[in-house]
Amino acid sequence: MSISRAEVLKTSRRATIWPIAGLILAFVYLAYAWFAFDVGGVLAKADWERGALMSRDSFHYKYQVELARRNDELSVTVEGGRGTEQDPLPAWITTDGKQTRVDLGDGYRAVMNANALTYTEPDGRQFVAEIKGKEVVVNGYRAFLDETESRYRYFPETAPERTNVVDYADLVALGVLPDGSSFAPSKFEFHPDYYKDVRITRAQIRVQRYFFGWEYFWFGPQSPLVDKSAAEVWGIVWSGDRIDPALSNAEFVFLQFWRNPDWQHNEMFTALLETLLMALLGTFVAAGVGLPLGFLAAANFNPMFASRMVLRRLFDFLRGIDQIIWSLIFIRAFGLGPLTGSLAIAFTDTGTLGKLFSEAIENIDNKQVEGVRSTGAAAVQRYRFGVIPQILPVFVSQTLYYLESNIRSATVIGALGAGGIGLKLVQALQTHKDWENVMYLIFLTLIVVVAMDIGSGWLRRKLIGESTH
Amino acid sequence: EDLTEIRIGILGGENASDRLKAYTCLEEKVEALMGVEASVFAPADYSGVIEGLLGGNLDLAWLGASGYAAVYIADPEAVEPVLVKVNTDGSYGYYSIGFARVDSGITSLDDMKEKVFAFGDPNSTSGYLIPSIEIPQKGYSMKPGEYFKDIKFSGGHEQTIVGVFNGDYDGGVTWADGLGTWEEGFNSGALRKATDAGLVDMTEIREIWRSDVIPEGPFVVRKSLPEDAKVKLTGLLASLPSMDPDCAYGVLAGDAKGLAPITHKAYVSVIEARKAKIKN
Amino acid sequence: MTDSTLSIGQLHSHFSEMEKRRRLYTVLFIAGSLIIFFGGFSIAENLNSGGFWQGLSKFMDYPAAIVSDTLNADDWLVTIVGHVPALIETINMAAVSTLFGTLFAMILAFCSSRNLGIFAWIVPIARRLMDITRAFPELIIALFLIYLLGATPIPAIIAVAFHTAGALGKLFSEVNENIDKKPLEGLQATGATWLQRMRFGVLPQVLPNYCSYALLRFEINIRASAILGFVGAGGIGQEFRTAISWGAGDQISALFLLLFLTIVAIDQISSRIRRSLVGGAFQMA
Amino acid sequence: MLEIRTLTKKFADMTAVDSVSLTIPEGSMVGIIGRSGAGKSTLLRMVNRLAEPTKGTIRFHGQEVSSLKGAGLRQWQASCAMIFQQFNLVPRLDVLTNVMLGRLNHIGTVRSVFKLFSDKDRMDGLLALERLGIEQTALQPAGTLSGGQQQRVAIARALVQKPKLILADEPIASLDPLNAKLVMDALKRINEEDGITVVCNLHTLDTARSYCERIVGMSKGKVIFDGGPNDLTTDEAREIYGAGDDFNEAATSTSISAAASEKTPEADIDEPAASGKVVNL
Amino acid sequence: MLEIRTLTKKFADMTAVDSVSLTIPEGSMVGIIGRSGAGKSTLLRMVNRLAEPTKGTIRFHGQEVSSLKGAGLRQWQASCAMIFQQFNLVPRLDVLTNVMLGRLNHIGTVRSVFKLFSDKDRMDGLLALERLGIEQTALQPAGTLSGGQQQRVAIARALVQKPKLILADEPIASLDPLNAKLVMDALKRINEEDGITVVCNLHTLDTARSYCERIVGMSKGKVIFDGGPNDLTTDEAREIYGAGDDFNEAATSTSISAAASEKTPEADIDEPAASGKVVNL
């Protein structure tokens, strides 16, 4: 049968359509998805400011100077945490008992006293916010909620109630309010940039200043080592005079770091180990159970069709249910913790690995088996020398591959109940403020995942050589 | 039954890592008192603790009222309530607070017609159970599309607050103790935490609804624990505020007057409410 | 042979040594596995709030409760149908993220394959990028983005696409590095530009493998999207979470059935497509 | 002495080997030729019992081997070594272990599973390798060797089986000329020095002619020629290969120069130089 | 006219091509022979600029091509078609597209990415295929063709490049005799009919003798012979192949059964029918 020129040309021309049609289809689908997920709307609503705050908080810590009006008590803390009260005060805060001056850096200053907050910008502009009665007055203006317009509006303190009303923009234009501040009847708040924050309400006057770094990362606020430089700590480690008579100085320093109550390095480490354990144990069990089952599900090993079918469906079933769902089932039975996580991993991956192994067994090169068989080898010997060397590389590489990916899965299962670093992460995330902890945990997780990647790659090369695949 | 371990469950979600820190002192005290190991578990959401208690895998936990109801409904023999937190003003209750953005013009539930309303976690007492009972009683149907345009579960109190503040939802509910000032997010509760975290500016949202007082959730112990273990644990907890106020502050998540004994009776109505919810 | 020749005796002793070493490795390997298995098990059991052996008897409780709820439900079929829109949302999430992920993976892969004649300095950069994107669990990214973008499916899509780009990128670049370079050389000899060489010399060779990997990833991404629903990203995962929180067995079983059927169906379809792709010529190229 | 009587093998409705009878005396070197699908491989595989005969008997030194089972069958397979076109080694195992696999039948199952070979086995293996000139590769994985080396490993494995009979199924079909020569020379030498019977499927006439004292031609499962190299006329070859009058012998070889060489006078300067002689192995 | 002057290529410390100077007039058909590693491939690859010369110049019609870059370089490559031993087609693309790839240099990158070839390109490709007698395969994936067909596709691709020069690097080394002949005949015909210069590496003396009017012999990177087929005596050949007195010409061809063993004997049997005649091209 021969094809005419015209036909060839037509067919060839028609084939051009496919790549173009494929692209158009993808575009149409993405356009549909754009609207289905209302991407435009979501992006419009996205709060980028919050992203900026988050990234600042991830790598900064703040000093909080707070005057509680209930009892006129001044407290200077780090991150507002209990147990971090500063005494003596840092040089940029001075107080005479009545008035407290805070140097916010870059020429910004704040002065707090019992009823008022005075905030001065580098150019000399001053904003005075006072509590008068139950309300806050800023540079002589009061705020009220305009119910008809659902927003705050302002009037001069001296004018009769709600006359001479002006808008926020007017006050900014008049220089009464700094642009970007928030002023409501009971509150005035302003943060000129990401590193400073002043606020006054009926209950408290508060000034915050941010510094780069992770405060108390090495030693907690209560630790005797907290103010020491690295060289000093190093000196202590090697010095003979024990700080704590019961411990050597090296041990003491380590424990001070390890049990740092703020960063809880020991807890994080345990959590990491839990996650690792989940992945390791789960993958090992899956590989150990999957291999024999894989043999039983391989047509060239098990001639019984029915039992093979049953096993294959079992694999599908185990794989088909997600790890998360398995872990929910197991929480009821085995409680919370890494055992539950590893069982969930073991169940799903027994399905996956069993299937992979049975396919590998079915795909082995029969020539090798035949070669062994032709020497008069018994069945066991045929498997030992004809089959095992062939599937061992698959076994090793797939097991290691799943181990790698299970480290990531274990963080996820952990996050949703089983514990470990994943749970710590989610909990830190859910506070919406311990971003430095989140960052720390992410670094830890990434280090472990990458280390695992490298380690398993190394092991794979060691065990099965460079050239496979 | 030989006790080898005391396992304490904490409700996850809000600020669990801080709470874990706070619970280490309790852990030490339990170990000292009972002579067995104690460990604290903080699952990611309400159902984790509930499942843990139902499976007999936790010995002590502080539940929300609705969480207790969930456990009780699934298995009345699983746990018994022993203590409840008493607030500084002597009350042992808190409120479910409905709120909306100031600039949305919504001032009460009347303005929520055809708007999106958000609950927190379906196992939360204040974040779902109570409002889902009390709001329809006031005549606002809770079927999506009937009165409200849609009803959503944000997943937790923080998410509700952030969602409403962001405009994802028109209104939502969360909890607060009702004490202190609105601007600071009350004395304690989810709004206070969100304010402290810089997530919301309270002057940009306002209260649009408040529930009747909700009883604080109970501390529960596993029913099958040996009697003397139950007594010891209860005693330890009850004396905590006087013996170690700092520890109590952490364990009870803020200032409290103390802990008072409580029995199952106090939660019958919540349980009935939850049962009614399940039927629908 | 680089090393000098050995006598039979030397070979014999070398071999015996090698065997001994291998046997030692084997013994160490088995011992290590046993330690990991039993040691790990006992540590895990200790860390768990419940024990393994006590739990075994309760193992079927939860499934049994779900089954009995399902049997008692009146309109289970209606329940199932009611969840279909959420399922479609999840499938869409997975599809969009797989599409984007694959696109970025391709770019990364072409930039990270040494044998394609791209600028040498791009290669290590692209590789590190892939390592990083791969290492991030989707959940973390999703939670971050939910914080920024609100509880919609978009954070999940971005998170999954991000991870997909890294995971697929690695596989793709492996495919790229194993290509037959002859067609490339043939094209270069006709005076084709770099883009044309990639288009005609590389793409037709790798596209079937790309598609096959992308389809596998699509399956994985459906699960991932479902899981991300658990943390508020919408789709079937969110409904799952509600149902589980409420202990509504009939809902759980309905959702579970839907998800299971979807995954099995996609598994079947994609393995069929993959087989035909790798078997026959691929015309899209 | 190997006696094959009316040996038949049917696959579904097609007869691969059709009632073949052959008597092969001890110590001979026999080549089997025939076009693809003639049944050469199937015949050898039945002798080693890798394939079950449909009908007929195989006897070796009077013992019927076609009905052996279990340990007896494995015993027979051990004494009747097989060499394959694709070598059929285990590429991941080192060369020496591959050779020692030939001794599996003599080692207890449990010991062999843990690779507990005796020193004597090792020494035997090394000596066999040495005899084939590849002892230096003993510690390498077999997969890293060239084709010719691999085939020699396979022959070494056959040797340590201490076989009475070696069956080689197109042993040089995957090899380049130089290696092909090395392998055929090795087989010839084993045949001559150890007196082991060698039956060898070949797909090129010239190789069969140079190495085998007896040639069996098969076609469509039947033996249609059986004689010495000189009895194999072009007509006979034509019949074996089922070709028409235009058959020319060079056609069974695949080299371009062989075909073209007839045209160019220089080509036969000293063509026969190598053929027929055993070069130092 | 292709002028090569003191062209040199060094790889690390080894000199693959050592100061080669050659002048090849337009329309000639030149064969380059030499043992493996002599530098034949490297020489051709430098001419097409697939490899960068270390030293020396290449001029074509007076234009220096050894220093071209970017578009100019691609232009030169387009006019200097290359044919490879392994065909170097894109096996998954259909034959016609493969042929049209020869026109890539004339098509915008964007258009070509979407395979928007013009009808004229298609027609050109088809005509080239017809000329080589394989137009019936136009819609098949190139990978499904036999080696000989693939090489003819490669020649068709070269043809649509409308080259001034065709470089062929051992175009028949992977082919069986029949196909080798078809391919060489095709090249010869293109050379004669279109007057395109053809430079062809060959690894067998006899092929070079039959097809080329001029033979260049290389050894260790240097040109050591340059003359007509009849000037190439056995002594010259011996020098080119660096052999001693025991040299025999057959050594330049791959003997016993040649490398390609997959081929079934039937394929060879037809061979003589075709030999010596130009089959329908």
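Per-chain numbering from 1; labels A, B, C, D and E assigned in written order.
The working rule: a residue touches a chain if its C-beta (ideal position, glycine included) is under 8 Å from a C-beta of that chain, and two chains touch if they have at least 3 such contacts.
Molecules present, by chain and UniProt name: A, C = Phosphonate ABC transporter, permease protein PhnE; D, E = Phosphonate ABC transporter ATP-binding protein.
It should be emphasised that the depicted structure is a prediction, and the values quoted were computed from it without experimental measurement.
Q: Suppose you hop from subunit B to any chain it touches, then on again the same way; how many hops at least until you reach subunit D?
A: The least step count works out to 2.
Q: Based on Cα centres, what is the most central chain?
A: Centre-most chain by C-alpha means: C.
Q: Name the chain pair with more contacting C-beta pairs, choosing from C-D and A-D.
A: A-D
Q: With chain centres defined as C-alpha means, what is the inter-centre distance between subunit A and subunit C in Å?
A: For subunit A versus subunit C, the centre distance works out to 20 Å.
Q: On a C-alpha centroid basis, what's the spacing between subunit C and subunit E, in Å?
A: 46
Q: Between subunit B and subunit E, what is the gap in Å from one C-alpha centre to the other?
A: That pair's centroid distance is 82 Å.
Q: Nearest whole angstrom, what separates the Cα centre of subunit D from the Cα centre of subunit E?
A: 39
Q: Among the residues of subunit D, pick out those that touch two or more other chains and give their numbers.
A: Subunit D, residues with two or more chain partners: not present.
Q: Using the touch definition from the top, which residues of subunit B touch two or more other chains?
A: Within subunit B, residues 7, 9, 41, 45, 52, 55, 57-58, 162, 166, 168 contact more than one other chain.
Q: Which positions in subunit C are in touch with at least two other chains?
A: 47-50, 55, 58, 61, 147, 150, 152, 231, 244, 285
Q: Quick check on the complex: what are the subunit E residues that touch subunit A?
A: So the residues of subunit E touching subunit A come out as 94, 96-97, 114-117, 119, 122-123, 126, 135-136, 138-139.
Q: For the complex, give me every residue of subunit A touching subunit B.
A: 45, 47, 53, 80, 82, 145, 147, 150-152, 182, 184, 186-187, 189, 201-204, 261, 264, 267, 328, 331-337, 415-417, 419, 423-424, 426-428, 430-434, 437
Q: Give the list of subunit A residues in touch with subunit D in this complex.
A: 367-368, 370-378, 380-381, 384-386, 389-390, 392-393, 465
Q: Provide the residue numbers of subunit E that touch subunit C in the complex, in ascending order.
A: So the residues of subunit E in touch with subunit C come to 48, 50, 73-78, 81-82, 84, 86-94, 97, 101-102, 104-105, 109, 112-113, 141, 143-144, 154, 157, 161.
Q: Which part of subunit A faces subunit E closely enough to touch in the complex?
A: That would be residues 2-3, 5, 8-9, 11-13, 15-16, 19-20 of subunit A.
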